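In what comes next, subunit A is part of two complexes: it sits with subunit B in the first one and with subunit C in the second one.
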Partner chain A sequence: MFTTVQDADFASTVDSVERGVVIFIKKLCPHCKNMLKMLEKFQRFVPGIHIYTVDSEECPESMTLASVERVPTVCVIKGGKILAKRTGLMNPREMEAFYESA
Partner chain B sequence: MARETGAKNSISNAIFIMLDTLPFNYLGCYGNSWIHTPNLDRFGRQGILFENAYSEGLPTIPVRRALLTGRYTLPFGGWKPLSTEDTTITDILWGRNVQTALVYDSPPLRLPKYGYSRGFDYVRFCSGHELDHETFHAQPLDPSMKPENYISPTMLYDENGNLRDQMSSALLREIECYLKIRQYWRTDADNYVAVVAREAENWLKQVRDPKRPFFLWVDSFDPHEPWDPPSVWNPDLKCPYDPDYDGNPLLLAPWSDVEGRITDRECQHIRALTAEKITIVDKWVGRLLDQIDSMGLMEDTLIIVCSDHGQPMGNGEHGHGIMRKSRPWPYEELVHIPLMMHVPGAKGTRRIKSFVQNTDIMPTILDALGYLDQDALQEAGHEGIRTFGTQDIQGSSLLPLARGEKDKVRDYALAGYYGMSWSLITDDYTYIHWLRDQETLTISEMHKVFYDDALGGGHGGKQSAKVEVKEEMWTCTPGAEVILPAKDELYARKADPFQLNNILDQNPETGKDLLQQLKTIIGELRTS
Partner chain C sequence: MKDTNSFDVLILGGGIAGMTAAIYLARANLKAVILEQAICGGLCNFTYVVENFPSYTSIHGMDLMQKVRDHVDHLGVAVEEICEIERLDIGGTEKTIETEEAIYAGAAVIVATGRKPIPLCFPECEQVHYCSICDGFAYSGKRVLVVGGGNSGFDEGLYLLRVGVAHITLIEVADRFFAAESAQHDFLKHKNVKGLRNTRIVDLVLERNRLKEAVLENVNSGKREKVPIDGIFAFLGQKPSTNFLQGLVDLDEDGYVLAKEDMSTNVPGVFSAGDLNQKRYRQLTTAMSDGTIAALACERYIGTSRVHV
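On to the complex of A and B.
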């Protein structure tokens, strides 16, 4: 289960998340669809983790706040802060390693 | 535990026979009318033959990685060692009651630090084939055998009689090494495929425990070059497929473009020598199959015969203007492979049209041995040592196709070279997307970087790691649209099966759709 975030609540959402992931996507981007499927698997490996999605075309302010220019971009949030960011594709094993190392 | 759950499965054992560099269209069962391959034709006729089988990541090494892991390599990596991230069939069979054996003469699988024999209980390497030739360099050579007499002079020398380039001297050295082994050959029983077949027979008869199930992988590098059928090393013989040829025997040819270096007539003779070699492969593989039959193993043994790829050998449909795998061109003559199976319990014979890939072979073998279901995979390991990771097997078992329970496993095939080229093959079209500009890619760069400088023994993957797929290609910006790369290619598959007439300019919308499909499919593989 993913939660959609809008510009209006992006900053407060990040502040409130202890451990989670936010992914910036675009509706017609096939790579983004593949990453969403991957995150469903990742969520099974890390039970209880919160995953948020941001539509890059509807949320330009969130893109600016997170300094994201391309999609898909995954950000790891820990302790209310974005600690790591990666643009492109990953498989679940790479995602798990990326999340743990952040 | 899992083995007992395969109630409808009458299969106990699996034998996988790889015949390296065997073009699908050089076999009678795939429509060839001039090459004598009665044993393989009979095997295909009496069992299951896959008409649309394709290898995905090319060539030798990535094909083996996909065969061992059941995962696509094209989105991940090319010519490089197995890593601890790769979960192979022998990793999964570790701690099971299945004996595993690898009998092979394929030197790329034995490159230092590459580790492709990992996990097999029994490993028998038969030395001397291409890439392993230096092993015998210290042997004396019969002075009557001169390397320059086993290749065409114009392949080596320029008009002033000087060696053309570094490749010329490398070819002479390579041929010299081959002759140091072949000077002792007397009959085709000395050819490598015969040695490998006899070693496989020996394991089946003398080494394995007949009370336990087994998985035997036989990897014959023949009919891969050097072209060394008897007519090349026996001066009393003529090539049966080209008896009128009167030039030097062609044990080897440059790894290069054909134009200006290899004549059409020489290309034709190389194809005839390949055919002669394939007839010998057919003879010895046929003999091995007969021995398997005489041991009573046909009743409960899955047998798979296939190749890793074909071979560019000239102009047009024979190779698009190149000799050997000198450029990363995923055309039909290279990527379409023969694939045939004997499946105990499958009724009748069948020619299957579904697209299948080399990634499907590992799950097919696991399925036959009863270890493909998730429970079996998750319990793989022993005493706390886990052998199966979180990555999915991406291929599909082909047993349901063989048994007539399914018509297809996928609607397309992928092929290409990691970081260089991608191809999407559908019923109607072939779309080729170039990741690397072919006009600026030199053959020496291709060898040194893509092939990890294999002739220098390989570099543990360090060279090939320089071939990178930039992450930018998997991303886009808000508002961006699909742009069709001008140098990509589109072919009508039924009218132009060997991809000689690029129709992308006339069909840009079809091209865009196929490019999007291709990126989506590879992206899906990249994320699973």
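On to the complex of A and C.
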């Protein structure tokens, strides 16, 4: 359901995404697990949207490229560009509003 | 129009108490559902290392909770996570709970919504955190203030040291630390930590929205000092997640449920298990005990109700 992205393909992945979301996470991070579960529900609200995950510990270059310091951080990608970023928890409705407003 | 899903028991909360109750109910051939606002595991998910759970000498809190969740799944218990409760009707014989996606009906309810961390009163500061696993690595090589001298404060402090935080000042407003002696020893033996009792945080100094200093006050002498810090991790204890029970179930003045020995409440068919109950000790093992008792009492309640129908 979600696609895992590595440092080597982060930039090219963002470039290629027309409408999507990338979430920076970390293993054993409870808020990250919460947000992944939330994004599963969000996907039902916005069918066809692509969701990508980046492990912050394995992908420091991606963190730098996206200027992300903390997890979980959600980035909205539209037209191959990161248009908005938010760190912390959201429910599916808040996520939908955040995505639409970006 | 929302679907109505019928169960024998509706369990509110998927922490250790709720999941233990679910296991016992499943083994009693009762159909139960766990409705969890976030993800299953509760506060234990935020514990870096659990070292007092019989059967594991040392295990990450989230790993332990995943094992319990696997057990729940193995028994076929329904689980709904990221689940916002919109309406609660638990006063009558049939209990109903409405979420934004569906309506759940059952003969009994076990409330196991636990507790939530108390926030620090500086909402304007973005460098105040409540989870070192989530936010700690951003402070590698930096200075951090840990607020709270209980088990969480010391355990999370130890985790922050592991991710390379340069210096930690840990403060506790009381005249002693409340963490386990072993945790205190493991933390305070480091040269780059400082533990201060009788100390509270009274103000923050921000520069261009970045935290620069915390103003600490000795509660006995009133003496204040500024401590240079880059971030704060606050572990001030918890408050019960029982606002939604106000007016429905008897609570004490702090919001804890006044459950009886068998975990029943003043409302027939409504049971309460875990940290949200008024009691002295709150541990994983005591929550499991509550969950077990609630499930057994619930099973008896349902059996008795059906005999009388």
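Note that in this section the second predicted complex is superposed on the first by the 102 of 102 C-alpha atoms of A that agree within 3 Å, B and C clash if a C-alpha of one lies under 4 Å from a C-alpha of the other, contacts with A are read in each partner's own complex, and residues count from 1 in each chain.
Basically, a contact is a pair of C-beta atoms (placed from the backbone, for glycine too) under 8 Å apart; a residue touches a chain by one contact, two chains touch by 3 or more.
Since the model is a prediction, treat every value here as computed from it, not as a measurement.
Student: Between subunit B and subunit C, positioned on subunit A by superposition, is the outcome a clash or a fit?
Tutor: With subunit A as the common anchor, subunit B and subunit C collide in the superposed model.
Student: If we overlay the two complexes on their shared chain A, which of subunit B and subunit C does A:Lys37 touch? Say first, second, both or neither.
Tutor: both
Student: Based on the superposed arrangement, let me know which partner A:Lys81 touches: subunit B (first), subunit C (second), both, or neither?
Tutor: neither
Student: Thinking of the overlay built on chain A, is A:Phe45 touched by subunit B (first), by subunit C (second), by both, or by neither?
Tutor: first
Student: Go through the superposed model and pick first if A:Cys29 touches only subunit B, second if only subunit C, both, or neither.
Tutor: both
Student: With the two structures laid over each other on chain A, which partner does A:Arg70 touch: subunit B (first), subunit C (second), both, or neither?
Tutor: both
Student: Figure out whether A:Met90 sits in contact with subunit B (first) or subunit C (second), or with both, or with neither.
Tutor: first
Student: Considering 1-9, 181-189, 271-279 or 415-423, which region of subunit B has C-alpha atoms that clash with subunit C after the structures are aligned on chain A?
Tutor: 415-423
Student: Which subunit A residues lie in the overlap of the subunit B contact set and the subunit C contact set?
Tutor: Shared contact residues on subunit A (touching subunit B in one complex, subunit C in the other): 26, 29-31, 33-34, 37-38, 41, 56-57, 69-72, 91-93.
Student: Note which residues of subunit A are touching subunit B in the complex, please.
Tutor: 26, 29-31, 33-35, 37-38, 41, 45, 56-57, 60, 63, 69-73, 87-93, 96
Student: Where on subunit A does subunit C make contact in their complex?
Tutor: That would be residues 26, 28-34, 37-38, 41, 56-57, 69-72, 91-93 of subunit A.
Student: Quick one: which bits of subunit B touch subunit A in the complex? Just the residue numbers, please.
Tutor: Answer in residue numbers: 85, 389-391, 471-472, 474-479, 516, 519-520, 523-524, 526-528.
Student: Where on subunit C does subunit A make contact in their complex?
Tutor: These residues of subunit C touch subunit A: 38-39, 41, 45-46, 60, 62-63, 81-82, 84, 100, 131, 133-135, 137-138.
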